[in-house]
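Pasting in a structure now, in structure tokens, and then I'll have a few things to ask.
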């Protein structure tokens, strides 16, 4: 099959799976998950085929796979919808396909497939476990099929976003994913915390999305197209760069880029819209958490990278982007240091890593950003799944001891899981090292080092230092997490009895860990000592082809390399040193209230926005405007209308309308009807005949009188 | 080569014949026969215009096909109606089916 | 007077005669059979118009399905099939008048039309009207939508017919 | 180009020359030659038809463990002529109250509906009567005429048995035209053309039987029903309808129905061979000489005919309701499903290597067949349980 058609088909299987499950198979759990996984596998297969064909093409950047259809006639020309796979989207497609497939597979195990139904499980609450001859065991998720339906829809959104060749369908996929994250965060809708988190995430991202929509609309109104390849032509870009937008001195390009960027800020949880992501950890499982923390949020970054030519037009915007990115990176990293929930740590680290990418784009380090995006997606997915596996193992312990009050996600309840869950431990270790950029072997090192090198080479000293600091913190809290979770001795009874999870959960871990290490080697810079040039810097060549002018490779500089070595190893070492024998949360020196409460951002927002809006709606609108003003006016209307109505009735209605018009017309109609009645014989042919006669007579008259 | 006018005149004649059938037959089935004649006349026109217009534009033939479909639907429903009427009223004389009058 | 024209005149004359018999013959079965003859004639005209596909479909759909359906219907409503009583209603003369008028009107209108005497161009070599028709029926920029709608219509008609003719006893 | 490589054209040109040398008008001569060609074809077919009578009788005899006609001539080869003479000298009756014209028209139409099929049948690479680009549809059209002839016969004989028989037959033919049409579309999909000759040419490497065995099977069932032979001969169930629509016919008129049926059977055998077994092709042998090609085609046609006879003399007749249910509830959905699957696979495997294409098609067919059988089995089990109650069925399983 032609590649273009194949690309068209890529997003469909998960969507079909969604409808299939929702409409038909939701009663049958096994069928549901096989449908979902089968769909994910089909998409994965297609993506791999597309990817391999893409790699095969020479100068893929100049002539990517693209096809489009006329969708909407807009006056003189068409609004086109279509698909586009160029080097960038091919690379993204690669990791999306892998991660999505892994998630689907992993969910089977995570939701305790094969376990008995819970004794007193309710839809909308996490499974409480069942008693199987005597002792209690995990119980299967009550809404198992629904979960697979949701992630199927999510996968559809992600694929759509990646393969689409214009901002509109990208936005569609974007919003579908927003919906999915809402559904998945609020998956256990019986838990108030989950409900609120879902609403919070939805509202926060919505704020960004509205701006993004504004940006898209502005872009369309000023260029008349939303297709990337039509926007990124010399003439269009130049026009955009020259038109002034009239808003604080930005060019149109700048303003559009800014709007789109706000959308990204919402979607990939950049400061100041980062607040939803930590709460999103209320989502039932690390699976859903990882869906919208490792995959979906990269959609935001992807959007920015996708529109990079537009961003690069306006220096102001670039500066803002870079600033926000760098700030988020350091800001989130500091928070992550003080979190105890294994998932929240990862959430904040995600935020800070995304900040990395955003900062990289802000500095114009295009390829570095893409590279880090992909490596990060892999090892962060690995970490989330690993944490899920850990929690699952801990729940095993919980079921063993029966102490359901213990929080299986608190790292201070863990420890010493190294021996209990070897596979999870090693894979988690790999992921953690990759995240903290452990030198040479891990993928994270190469991508992060490239960003730092870029920052240094282009002389963005402030950003360079910030990012280096962030990298140090990253390494630190990663090691803290690993140490608290796996090393040392079990702190609780549950941790003692945790044991390894089943293959459906460990297989994805192993596969992802391969990428977490290996993916770095496709992007080793050429001028790197010793290693450089051993493996050609394929990634740079391939993805660099996306841009019109191919970005040149940086000259090697020893400073950033040393920096990243120092921060990575130093952070890891320090983390291990401090936490090697911390027994309880009290002994943790770094539990500053400020950090623990995420700089009180939730409270601030609550005070600044939520309370006022509540006041506005309840007091101002409801009590004053509605009850007071509007009702008051209405109450005035009543008597007045009554008076007018009565007079009209007595002096006009009764005598004139009723007696003269009403009865008079009725009588006349009755009379006419009585006399016309015989015509209506009820014989269809006569009706037809009559109409034809009339028609021919009238037609003839018209013809004779008017035309002739 | 046959001039277009012949076809048009032919279809006009066929149409009128069908119209006569529709207007004058007593039997409902016979009326439907007349309708078929009219539809055929239309089709001849469509195809003739296709042939004598721009050959590459297939609109004429396509419409002819659509008319086939419509004719089939019309006949099936119409005859079904006739039969069910026959079951209830035991007649298919159009003039007897005049419940529609006052 | 080419061969084609001779064929056309013969066929058209026969077809019109058959058509007249359809609307005039007293025996309904004969009327239906005459309808078949008419349809055949029309099919031949289609072939004269180089529309082979349409011609064959005409035979398949009309004669193979519709005419048969008519004959069935006539036989199922047998009581009125007997040649008893007049086959035309009292206002048949008016009907005849109107249809004659219609014909006359069409004749007049056609007579004034300019493109009347135009003769079709020769078919371009290697032009496959079936392929072209298929393209037109299925291409997104062609007539795929009417095509689908027609299929829906047929489905609806089928359901309706089955429901109507279903003997509720 | 000599007589052995292209006999028809050579002969036609020669005749044309002769006629024109008599000072005959060009066009008229051409028409005359074409007419003679048609006459020739029909004559040959009729001769074959005569022997089909003999073949039929021989084969049925073998099936029923008899010898069959063996008195007149070697192997009773003269027997059919005797039959014909008998038919001709029989009294030719016309029932009272019959509609004369229609009554006499019916047998002619039925014979015509068979002969007209041969106008599109390519019997050798160089001998194609009419190279019609919608040949496949033409078959259905011809079938429509057959249907017409039957209903005319049934109605005009003014005999309720005949009418009921005709009704059944027509109901069956109209019903089975649907799966038949669907299956005709499958070779059309493969060859990308409705032209019979193209379909044959396209089966160079691979007979479509290999690509779509299920299609071939369904088509066989459909044509048997179209022919109204056993197990679908419920239109002439002797026990209930005496002889079906042709009950009132005698003498040569009946003979025409009879001969028409036999020729129809062989014709459909040939069509089956053309659509699914490569027609006149046999590993390039057809290139050697047209006569060889004709021989191959005839052989395949007779083989198909034999299969039809085999079915006829082994199966027992089914009731009309069973027949209709079988068609509308089972065969038609199945054929449509198969058609869709084939079209889908064809689209998916576009440009795939031949072996992959063939394997995909074959496997998809097998899968469809398997699913259909499973569904049928479960349904029939439920039916049985409704009738017999669960218990016996259960033990019947063990």
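General remarks:
Order of writing sets the chain letters: A, B, C and D. Residues in each chain are counted from 1.
One rule holds for everything that comes next: a residue touches a chain if its C-beta (ideal position, glycine included) is under 8 Å from a C-beta of that chain, and two chains touch if they have at least 3 such contacts.
This structure is a prediction, so every number in the text was calculated from the model and none was measured.
A summary of chain positions shows that the Cα centroid lying nearest the centre of all protein Cα atoms is that of chain A. Chain pairs A-B and B-C differ in how many C-beta pairs they share in contact, with the greater number at B-C.
Annotation: 58 Å between the Cα-based centres of chain A and chain B.
The distance from the centre of chain B to the centre of chain C, with each centre set as the mean of the Cα atoms, comes to 6 Å. Separation between the centroids of chain C and chain D, computed from CA atoms only, is 28 Å.
Of all residues in chain A, those that touch two or more other chains are 683, 685, 689, 692.
The residues of chain D never reach two or more other chains; the list is empty.
Annotation for chain C: residues 53, 57, 65, 72, 89, 91, 94-95, 98, 102 touch two or more other chains.
Against chain B, in their complex, chain C makes its touches with residues 2, 4-5, 8, 12, 15-16, 19-20, 22-23, 28, 31-32, 35, 38-39, 42, 45-46, 48-51, 53-54, 57-58, 61-62, 65-66, 69-70, 72-74, 76-77, 79-80, 86-89, 91-92, 94-96, 98-100, 102-103, 106-107, 110, 115-121, 123-124, 127, 129, 132-133, 135-137, 142-143, 146-147, 150-151, 153-154, 156-158, 160-162, 164-165, 167.
In the complex of the two chains, the chain D residues touching chain C come out as 27, 99, 102, 132-134, 137-138, 140-141, 143-145, 147-148, 151-152, 155, 163, 167, 170, 174, 177, 194.
In the complex of the two chains, the chain B residues touching chain C come out as 1-10, 12-27, 29-30, 32-34, 36-37, 40, 43-44, 47-48, 50-52, 55-56, 58-59, 61-62, 64-66, 68-77, 79-84, 86-87, 90-95.
Within the complex, the chain C residues that touch chain A are 89, 91, 94-95, 98, 101-102, 105, 140.
Per the touch definition, chain A reaches chain B in the complex via residues 677, 680-685, 688-689, 692.
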